[in-house]
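After this come two complexes, each holding chain A, first together with chain B and then together with chain C.
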Partner chain A sequence: MININRLILRKFKNIAGSRYEEILKSYREFFLTEEEMRIPHVESVLLAIDRYSGEVPEGIFRLLEHYSPQRATVIYVIDENVCRLIRDTLGEEDSEKFREREKELAEKFLKNVGSRLNNSGLNWKGDVVFADKTKYIEGSMENYDVLVIGKQYGLESAKTHHISPLVFRIVQHVTKPVVLY
Partner chain B sequence: MQTGELLALSVFAGVYAFIISEKLHRTVAAMLGASIILFLNVVPWDKVYEYLDLDTILLLAGMMVVVNIARESGLFEYIAIKTAKFSKGSPLKVLLLFSVVTAVVSAFLDNVTTVLLLTPMLIYITRQMDVNPVPFLLAEVFASNIGGTATLIGDPPNIMIGSAAELSFNEFIFNMTPIAFIDLFITVGIIYLAFRHKISTHKKREEAIKRSIMTLNEEDAIKDRVLFRKSVLIILAIVVGFFLHDTLGIKPAVIALTGASALLLWSGASPEYVLEKVEWATLFFFGGLFIIVGALVETGFIDQVAQWMTGYIHSETQAILMISWFSAFASAIIDNIPFTATMIPLIKAMGGSLNTYPLWWALSLGACLGGNGTAIGASANVVVVGMAYREGIRITFMEFLKIGLIIMITTVAVGSAIIWLKYVGM
Partner chain C sequence: MRILVLVDGSKWSQKAALHAFSIARGKEAKVVLFSVLDRKEVKAIAFHLSLRSENLEEMKRFEETAWKEMKKSVKEVITTLLELGRKEGINCSFRVVEGAAKDRILEEANSGKYDLVVMGAYGKSGKTRIGSLLEDVAGFIEPPIVIVR
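And then the complex of A and B:
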């Protein structure tokens, strides 16, 4: 009497050969693992933006809704080195004008992001800071569980790189999970 | 019975026994059988070319080269992810979309490659949806066999029938595609009715499921964007070529080989690597079978069986019904390739007293759809059941049989009724 299940498995081995393993291997590269599928416990999120970050995609807000953190902070970072450079070259008055304009832009950004976070029912606070774009984020991350940052953060307007070198550095130095958009 | 006939029949029966029991790899069994036939001169060497159907072998080889190159680009994984995303995590949409996509891909590529490439994605999605994967996997198997019925290149029996009866790609489209189309939706309907309680998710979880499926990025599947584009263009050109082969007076095998050569040239892929991945075992299996069945023709055995059969078959209606149902039940138990190889000379021999044109469609219908009857009826079934087993999902022989027989009987009944209406009843 033929064991039908053993026959099927023998046939499977003969027909599929090594192709099955090859195909599984290629799928594993983009399938989420069991661990990745689990939603992590997130208490606090830092969302770092600047004038180059661009619009925060809808998917990020959906992800934050999913995490549902108790504390979400949106920080708009203006490069203090640029402000110093303007002050040293063009003078105090022009430097102040620049600061004001940057701040206005920052507040507009914050307002947009904030209104979207409100819609998602998230408790958030926002701030505009003049600081070193990498050091500030790296230093702040001690107090947060997750960092959300755009690939273009800190990139120059010519956008010669797909991912900003500053973001590369932040990702390498921060020990907490980073969500890139 | 003469010695030659007895020898041919013994080798044929022995090879069939090995193929059914899988005690020997089917290629080894077929090659061994063919070697005995040639060694004993049952088929003389100078007649080998008459029985060796090069149209079939080269068409299969050409398509294998194309698929092997296209696979490297990530094209099929891309299709799988796109299908998953279109479904948006709805079990019913997953069932329907995967069945349709499987059927369409199977209509143009071989069924085993299709299910090998789509099954991991289907298992992944059903795990995300937290539903029983069995109905989805069964629907995929049935859709693959039904899709393969639709075209000249969809399933090896069709390639063999097309080559032997000189039927064009468009004739298959005209005769078999409408049947496959109707049968596909009937099958999905039956699966849905039979498993409707097992394919629903909790309303609350739908949004989370949708989100996790939507995080899959089809662009990640593309390993080589340039190769991806070239593969899509060449596959489309090959399909157009198949549609035009009859008008141009070119054999389908030539279209496939031209496409394969063009893709090899254009992609710059290593021919050693690509040709190494061609399923030589399958091609040699075909070669061996053609010689073994050729021995039955050469010794006159097939003619005698045909004469005996025509003594009992008095009309085309009887012939259509007999061939479609006998082929279906036979193909549910044994490999449809050797079965079709045996039936082809038999139907040819019946040509003296009957119009064989509708009989080819009856054979195609039975041989391709009969595979749905049991878990061992077709290679695609074995592959999906085997893959499921490796992933810890059990589809038992009996579980498959219960639904498979219903699908087989319904689809063959619908198909044979359409063929009868087209060629006899109207």
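And then the complex of A and C:
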């Protein structure tokens, strides 16, 4: 309370007391309100991985240890649109083979990340899903406090971007803190 | 863990600092609040707001006042954050430098001194397009980076 008052008073001097509501209405996006001036607590983390993101760096595991969330989920989303494209062009059988191979790979990735999370003593669960990558992650973030994702996530083409367009979209839409590695 | 927080005085950078404190609280960690003051930014404001004035001295005085206010404002935000962090038992310090924001930020963030960088999703202009920030800075920062909203 003292801290935020000091900031408001500095900007608005003596009028802050009587016209606080009006100031809040016009300038809310420029100063922290009393409710916002609090250290948050992270209880749940969603870690999104895929074959394009590369290995999860050691620094991310250390960060997760610092968060020590009650709930951590590692999600591997296989692009359903690609599966559909293969089914439409090459047929059902090839599509099935592709899905199986992708799922095997995803489980391998999950196992590796999971084993490192176990070493950190973190309580986690993993999942492999077939879905639209961005929509699935954006939708899931309603239930998590922090998203951890690689800068190259979903970047199938040549790595000319510093941040994948998919990650751009996710960062723009997700309203929770996003950790990029 | 050594955490660098980018503070430009905006609400969003303050939220970033609070998030950094949540990572550091009760753990072995050090938080550095880092701010870049760009004289050019003030010069541009002074020039454009004084367009009708033909008095160069007046424009210079305005620039000087704005520059002092900018420093004062950022230092005040940093002091408030430091007080809060230290009250929570967090090892935190600050560093204020002058220069071009993007260059100085990348120089500091990629110096090898930090394990994590925390920044707000927006700047002093409030909620604007988020993409330019990511392109300009986040894409080039080597340690993991937390974008806070």
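Following the convention adopted for this analysis, the second predicted complex is superposed on the first by the 140 of 181 C-alpha atoms of A that agree within 3 Å, B and C clash if a C-alpha of one lies under 4 Å from a C-alpha of the other, contacts with A are read in each partner's own complex, and residues count from 1 in each chain.
Methods note: a residue touches a chain if its C-beta (ideal position, glycine included) is under 8 Å from a C-beta of that chain, and two chains touch if they have at least 3 such contacts.
On a predicted model such as this, the values are computed, not experimentally measured, just so you know.
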Subject >> First (chain B), second (chain C), both or neither touched by A:62 >> reply: both
**OP:** Could you tell me if A:40 is touching chain B, chain C, both of them or neither one (first, second, both, neither)?
**Re:** second
**OP:** Report for A:168: first if it touches chain B alone, second if chain C alone, otherwise both or neither.
**Re:** second
Original post:
Which partner, chain B or chain C, touches the larger number of chain A residues?
Top reply: C
**OP:** Examine A:25 and indicate which partner it touches, taking first as chain B and second as chain C; both and neither are also allowed.
**Re:** neither
Original post:
First (chain B), second (chain C), both or neither: which does A:181 touch?
Top reply: second
Subject >> Footprint overlap on chain A, comparing chain B with chain C >> reply: 7, 10, 29-32, 37, 62, 66
**OP:** Using the touch definition up top, name the residues of chain A that touch chain C in the complex.
**Re:** 3, 6-7, 10, 29-32, 36-42, 57, 59-60, 62-63, 66-67, 146, 151, 161-163, 168, 171-172, 175-181
Subject >> chain A contact footprint on chain C (complex, rising order) >> reply: 1, 10-11, 14-15, 18-19, 21-25, 27, 29, 73, 76-77, 80, 83-84, 88, 115-116, 121-122, 124, 126-127, 130-131, 134-135, 138-140, 143-149
Original post:
Touching chain A in the complex: which residues of chain B?
Top reply: 21-22, 25-26, 74, 77, 81, 112-113, 116-117, 120-121, 124, 128, 208, 211-212, 215-217, 220-221, 223, 375-376, 379, 382-383, 385-387, 389-390, 396-397
Subject >> For the chain A and chain B complex, residues of the former touching the latter >> reply: 2, 4-5, 7-16, 19-20, 23-24, 26-27, 29-32, 37, 62, 66
